[in-house]
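Letters A, B, C, D and E name the chains as they come in the text, with residue numbers starting at 1 for each one.
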Amino acid sequence: MELVVFVLAAAMILVGAVGVIVRSNPVHAALSLVLTLFGVAVLFVAQEAHFLAAVQVIVYSGAIVVLFLFVIMLLGVDRTEDITIEPFRIQRPLAAIVGLGVIGLVVASVVASRDVVGRGTGLEIPAVTEDGDSNIRQIARNLFSDHVFAFEFTSVLLTVAVVGAVMLTRKVKSGKGES
Amino acid sequence: MNTVEYPSIDWLAIMPMIILLGGALVLLVVGALTPRWPRSLYAVATVVLTIPTLVIEMILWNRVGHDGPVAVIGDVLAIDRMALLAWIGITVATALVALSSSEYLRREELDGPESYAMYVLAAIGGMALASANEFVVLFLGLETLSIALYVLAASHRRRVESQESGLKYFVLGGFASAFLLYGIALLYGATGTTNLTTMGRFLEAEVFLDGDDAMLLAGLALLLVGLGFKVAAVPFHFWTPDVYQGAPTPATSFMASVGKFAAFATMLRVLLVALPSRADDWRPVIWVMAIASVVIGSILAVVQTDVKRMLAYSSIGHAGFILIGVEAAGHSGDTDGLPSSLLYLVLYSVLVVGTFTVVSLVSRTGDGRTDLAAFRGLSKERPALALGMTVFLFAQAGMPVTSGFVAKFGVIKAAADNSSYAIAIVAMIASVVAAVLYLRIMISMWLSDAESGDDQREKVAVPFTSALVVTVSVAFTLFAGIFPGWLIDASRDALVLVR
Amino acid sequence: MLELIWLVPALPLAGFLVNLVFGRILGEPKSGIVAALAVAASFAVTAGAFFDLLSRSEHDRSHVEVLFSWMPIGSLQVDLAFLADPLSITMALFVTGIGALIHLYAIGYMHGDPKFSKFFLYLNLFVFSMLMLVLGENLLVTFLGWEGVGACSYFLISFWHTRESAATAGKKAFVTNRVGDWGVMMAMFLAFGAAGTLSYSGINHAAEEGIISGVTATAIGLMLFVGAAGKSAQLPLYIWLPDAMEGPTPVSALIHAATMVTAGVFLMTRVNPVLEVAYDWAPTLIAIVGVATALFAATIAVAQTDIKKVLAYSTVSQLGFMFLAVGSGAYVAAIFHMVTHAFFKALLFLGSGSVIHGMHHEQDMRKMGALRALMPVTAITFIVGWLAIAGVPPFAGFWSKDEILLFALAKSPILYVAGMTAALLTAYYMTRQVIMVFFGEARWNDHSEENGAHGDFKPHESPVVMLIPLVVLAGLSIVGGVMQLPFSKDLHFLEKWLHPVVEFGEADIKGTWAYDNKYVLLGVAIVVALAGIALSVAVYAKKKIAAVEPELLANGWHYDSAISRFMGGPGRKAFDAVAWADRTIVDGAVNGVGRVVQTAGGTLRRGQTGAVRNYAAFIGVAVVALLVWFFLRGVVL
Amino acid sequence: MNSLVAAATPTTTWYLVLAAVLFGIGAVGVLVRRNPLVMFMCVELMLNAVNLSFVALAKRLGDIGGQTTVFFVMVVAAAEVVVGLGIIVSIMRRRPGATADDITALKG
Amino acid sequence: MSLLAAGGGEVLSFPILTALVLVPLIGAVATLLTSARRPEVTKLIALFSSVVTGGMSLWLLASFETGDAGFQFVSKHEWIQSWGIGWHLGVDGISLFLVVLTGVLFPLAIVGCDPHHDEKPYLAWLLMLEAGVMGSFLSLDLVLFFLFFEIVLVPMYFLIGRWGYDQRVYAATKFFLYTMVGSALMLVGIVTTALLASDQLGKVSFDLVEIAEGANFAASTGRWLFFAFAIAFAVKVPLFPLHTWLPDAHTQAPTAGSVILAGVLLKLGTYGLVRFGVYLFPEAAVWSREIFLTLAVIGILWGAIAATMQTDLKRLVAYSSVAHLGFIVLGTFAFTTEAISGGVMQMVNHGVSTGALFLLVGMIYERRHTRQIAELKGLQKVAPIFAAAFMVVMLSSIGVPGLNGFVGEFLVLIGSFSTARWWVVIGATGVILAALYLLWAYQRVFHGEPDEANSTFRELRLREGMVLLPFIGLIVFCGVYPKPMLDRIEPSAKALLVRVEERSGFSAPDVVHVDGSDEHGSAEEHGEEG
């Protein structure tokens, strides 16, 4: 059962991911991204991160991808991009090296040290109890104990984002020094 | 079971950030509600904002002196002297940049509270980054700083270069921080914690058999990628020249001062607090990065014609010098590396702000004239300014009686102390190569004759605020060059980290 | 009186200073008179010193007068000190004496020259240097004078520096002398290394005590000879002396005949004990070089047409004789000949000067002749000089030359024969000169219109100031011989006088065949001299025999021209090569480094394409590299 | 067959490997795509890969911290998207249809 | 070696050495502060401060305790404790006359030649340069020395670059970078030296004396360190083949620049070799003496030959410097009292005579606006006094006895002969070449009939004569009566030598009453085993 879920989700994820980088039309790419995000969400559930799964679906697939699509439409850059030609000759070989290298090496490392992961740390996360939100509870507790500073600090981050968006998109006053 | 055990909150420790944040918000809100403020009032407000911050940072400095370094708020923020040194440096740099950009923004018709708020918010991010004792906080701080910098880089809406630099910085930044984050993840997997102190203790205690630590090391590798990108060390430096050149000059100086300082502080903390037991693994990498940075930075700088680009490459070289200190710090029982790096950062931050301030003045309206030709005849037109620039350039070249010499001397001493002479010699030779570029700027300022059309050029205006910044920087550069004792001692005190 | 020995050089120096400051104000002729008086005064002092010395017993006829410590450092202690002993006083006497006369002469000769006072400035400076040279108590003071006279001769040769030839000649003299000076320096270093001092007494003493080993002594001796050869115009360094005739004639007389050129002989005599300790081949070599020079120069003199060139080569030749003497251990004879030669050669030069003066600076003998009548005093005195140099008894030259040949024979017949041949030639070419200048038909009339400036061209006798020295010197040339007459030991005044100086080095020829038959030799000498004269008369007066003046000899065996051709050709090329290497290789390397950096930068910056995707790719590759490293560290290593 | 299936229950390592692959694909995407938006999407892929590994590791370590971290990552991602799209919009306004390769005024 | 350690000389109420450094510095600042509208005031201030410095240096000379080998007038203060760097100044027989030379040369240079533009910064740089040079000669702390040694580049760079001739920028940059490469290595050397010494000293200290006293480096280490220093100095000297920056710098520099460059700046190199090379690493110095002797001799000949072939008068003089400096290095590495003292003498003498030569060449340029020998002719006829002055200076440079040039050269050669015989034999031929190139140049420039371009050549003016007079006075005096100098130099030179012999086992043969040749052999053996 678990296996089936994993395989299906993995398939979704990979198909989506590949889609993102091979679909020449940005809109399609965005949609394949959604597929991946869903897959990830599924695996979150499988890993008992229900809250994150929810957030994943809502924030990512919901907000972010929509934002992407919105921008694509806004700028009208939905014209297809020809993937077959590559202006820089070395780019693709390098990409191959990077992709395979990163995947290979990380996988190798992960596999090499699979036995020691989690050595010496606490017990398994308690399985779902009678009130089904223990995961959320735990996150909340963790959030407001260990990570309270980080949590508060996100406010700064978000302020930056907001102010940044304002600064960037305020329309240009016509004037001298145009370049 | 259902209660949350909140951590005790050391308000004083986070007061600087709170002040700055509050100030930034006030600035934003009030600024948004009121019409355009009179000249350079935003800047003044920002400076005013930094004063109490500095005071509290001093108080904290003394407190650490008495009670020793502590990690606060659930051990996520390290309040030790390295952090405080970084905080002070960041605060001062922010104030200087704010001052130097006030007239710039008016000139470029970009005036408004946002930029200043952005500086302040970025500074907060930098502070969090510098004292983060927890990878989550580190990541948040990093992103806050970076995102702010992306915005600042792209903020000159009339210059397409500015937006280009913003885009490049953003794409590559996101790319790099993904690696960083992945590194954190793997470290988390290998050690079961995201807290630097805990991780450090865990790794000290733990013994790894062959291959067991592969994940840990992979994480370390990816972590170094992220950090190396932030400090603009070769081979993660590619963004630097483009972004430095394209970004509005004050933003550039902000990146070069605050950005570098925070990034290096966190790099030192991560490597020395979380991963000291792995020094033998990461030191060689730092060694290579350091040498590559000094050499490539210098060589590429020499062939440039755009001053901002030159300074960008030279900043890569400087990063290399700082990395020499980091490398030294990686040797067991070393007591020079960390202080020398910090000393270098303190001196360099002020230096670079001063330099870029002059550049921003010379670039004239439109922030376009940053090629060597723009500096031609500056000695005739603005002798004092030219003299100031000369001091900065000689300092960057590491000439004695300037802070630059003290900085270089420190790291060289640290390197020699760990008998890594190769790196010291290479670095010094590279610094000679780099001297060429500083000389080239000085040549166009002092030695080259005026050419036709020079007199039609817009005059270089030197507004008071910028003059103030330059003066302060020059004074500091020379003073620290002649009487560096107190700074050296301060950086020495920073040796005791939260562990 | 000896305490005042320092006055001897001091007075000319004073004269120099006076002329230096007031020369222009004094002008002509006062500055000349001042100079002449200065030298005359120092002559007087010298004379006083001479008698003082004479009054002493033979073995403390030596007095050292220390002025101050010159270069005291470490084990090197050099004083600025004077040594008054028979040798130095002898030298000083004729230097100052003849110097005074020539000063007097010059007052007349330089009449009307715009740089009149400057001439005497130099002349005084020269006399000062020369006196430092001869009176020096140690090699270094001598060297001071040695270089001083070199510099002065440079000034004086190129006195008419607007003449390219004069300037070149001066430079040539200085540089050639420098080659010799290198030798002197080497000798000083060796001597210091060996004896730990530079004072003559110390060095000679060390030599006599056998502290200086044979090898070192040989080295010192030869190095000094290199110096002497430079200063005294011996093979192969003689080339500068003929050119030196570019200078005013009094200069030629004073410097290039009487005094400076004899410095080499003086120096060798000074250190005769060292030569004595040296391996035997060293003096022999000196003797050979000497006689070779004598012969060589004589052959050249045969074919010269310039009145002064003849005398110049004859000077070289005569100096050769002196070195023959030195090489044969006949130091007394060397000094003897030096003195007599000083008399008659000065006389001859001054005479020729008088002729040139009378001929309005015409020096070509082919344009002279029959001047006997027009300038009688000059003619007569000149003839006296001629007889003296030709070796006709009882004139001075005869005795000194004979003494030298005596010792030469004692050393080796070959030297004697060569010497005799040289003597023969001397008689020949001097007679030739006298005939061409004073006898025969006048060859100058036909040139009268050419000398447009003074169309009515008529040679005239020189003024009295110029004639007085001639007469005096003529007298000395006649009686000079009495200093050292061979007939009996009691007549060896000079030998007795110099004995304390040369006793160690002087060769003992008693019992040799030559010594026993010295009267035969006298006869031979007379015959040879007369033969030479007769031959010359036959050729140039009677025109019995066609004159042999091959171009080869006229050009001095092409020796000089060969050297200058080498200097101008390969030598210059070599120098150019160095300069080229300095520019292109040494400096090229420096600029090359710069270029390398530039190129490297140019190449590297192509990686900075500006395309964000490339950057990402490069970063990615770096990531992989990092991962590889750490993976190896983790798994493999 | 069945037993085989039963035997092969996905362990953390499977997740980590999957994440690595996803990360790699994302990285490649950044290198090969020219449309800034799509490049940005690929960065999102990479972040998701990281999130996945965090979650998996959190499960394996029995430490909720991992999941909390993911939460923060999402926040950051959101913020990045806002600013990133802002930048892209502002540049695309001036250079419609520009690809990443066209934006190379600064180089050398 | 307590001799050198003893902070000899009476303790002064007034820190004369510090003043020597600070007065010109203050003068420089003061010059900058004067108003541009009153140039005469500017000049006056500059002149005043330089004259005061000169006066102080002379006072130093007067009150210097002859016969004391140690450092005198020592002023020692803490500066950067945390790094063990101190403000430690002192003067001994070796540095004394260089200080005096500096003090004397600068006023003359300031009076002697005016810049064509921007007099104010020109004077300021010049004074800053003086401060730097003084500091370098007086520093007894490695870092302090490096600081001055390096900072000297800046004023010189601007003097050449702003007030030089057509190729000035190239020349200035070359000069700056070339010297910087050397000092880059030296900095590493300095740091390493102090750190290695700290094990034996028990603390990190850059104090020259403390290190020299307390530390004794292993042979191999010492050699590496020595070379780190030596390369820097070899560039500065300049020692063949690192000399090519010199002709460019000299030729392009303004007259005052050349005078100072030749007069004192080059001496930084030779002085450094003595003070920080030989004194600090005797063993390494002895070990490598053959290399330096050979390079020195090559330099002597190479410089002379290259000089002969120059067509530019100033360039010719520059190359002659290469040759002359070769003698100094030769003397330094001969390790005998005579030779080392002679080397120091030569440093001063070369400063005087070459300085004067550059002044004269500068005057020629002022009048004719060319330095090309080919374009000059027959000047002696139109300007006899000028020619005479040139002649005297030239003769001193040729090394005619009775003038200063000879003393140094002679002492170097005679001193070196016992320990470096064959090098001396070759090197002495440089004396011949010197006569060749200078006389040839003189003939081409001053002899002959002047053409119309040169027939209007102006005779020496009173002011110029006043500037030249001290030079000529020194030339004659030092040549005739060098004793006072030698007496002050000798003890320090001896002490240095004693140290060398103690540390390296090298012993200069005792020349007195022993046959040179045998001794020579033994000396060589010592040399090799050292």
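Rule of thumb we're sticking to: a contact is a pair of C-beta atoms (placed from the backbone, for glycine too) under 8 Å apart; a residue touches a chain by one contact, two chains touch by 3 or more.
In this text the structure is predicted, and so the values were computed from the model without any measurement.
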Contacts shared by chain A with chain B include exactly C, D
Starting at chain C, what is the smallest number of hops through touching chains needed to reach chain D? 1
Quick check for you: compute each chain's CA centroid and the global CA centroid, then name the chain with the smallest gap between them. E
Relative to chain A, largest Cα-centroid distance belongs to chain C
Look at the interfaces A-C and C-E and say which one is made up of more C-beta pairs in contact. C-E
Taking the mean of the C-alpha atoms as each chain's centre, how many Å separate chain C from chain E? 37
Expressed in whole Å, how far the mean CA point of chain B lies from that of chain C is 78
Note: chain D sits from chain A at a C-alpha centroid distance in Å of 4
With chain centres taken as the means of their Cα atoms, state the distance from chain B to chain E in Å. 43
Touching two or more other chains - residue numbers and ranges from chain B: 136, 140, 143, 147, 150-151, 154, 157, 160-161, 166-168, 171, 175, 179, 182, 186, 189, 192, 211, 213-214, 216-218, 241-242, 304, 436
Could you tell me which residues belong to chain D and also touch two or more other chains? 16, 23, 26-27, 30-32, 34, 39-40, 57, 60-61, 63, 65, 68, 72, 76, 79, 83, 86-88, 90, 100-101, 103, 105-108
Two or more partner chains touched - positions in chain E: none
Please give all chain pairs that are in touch with each other. A-B, A-C, A-D, B-C, B-D, B-E, C-D, C-E
Under the stated contact criterion, what part of chain B meets chain D in this complex? 135-136, 139-140, 143, 147, 150-151, 154, 157, 160-161, 163-168, 170-171, 174-175, 178-179, 181-182, 184-186, 188-189, 192-194, 241-242, 245-246, 304, 309
For chain B, which residues are in contact with chain C within the complex? 167-168, 171-172, 175-176, 179, 210-211, 213-214, 216-218, 220-222, 224-225, 229, 235-236, 238-239, 241-242, 281, 284-285, 296, 299-300, 302-304, 433, 436
Where on chain A is chain D touching in the complex? 2-3, 6, 10, 13-14, 17-18, 20-21, 26, 29-30, 33, 36-37, 40, 43-44, 47-49, 51-52, 55-56, 59-60, 63-64, 67-68, 71-72, 74-77, 79, 81, 83, 86-88, 91-92, 94-96, 98-100, 102-103, 106-107, 110-111, 114, 117-118, 121-125, 135, 138-139, 141-143, 146-147, 150-151, 154, 157-158, 160-162, 164-165, 168-169
Can you list the chain C residues touching chain E in their complex? 68-76, 80, 118, 140, 143-144, 146-148, 151, 154, 158, 161-162, 164, 167-168, 170-171, 174-175, 178-179, 181-182, 185-186, 188-190, 192-197, 206, 211-213, 215-216, 575-576, 578-579, 582, 586-587, 589-590
In their shared complex, at which residues does chain C touch chain A? 609, 611, 613-614, 617-618, 620-621, 623-624, 627-628, 631, 634-635
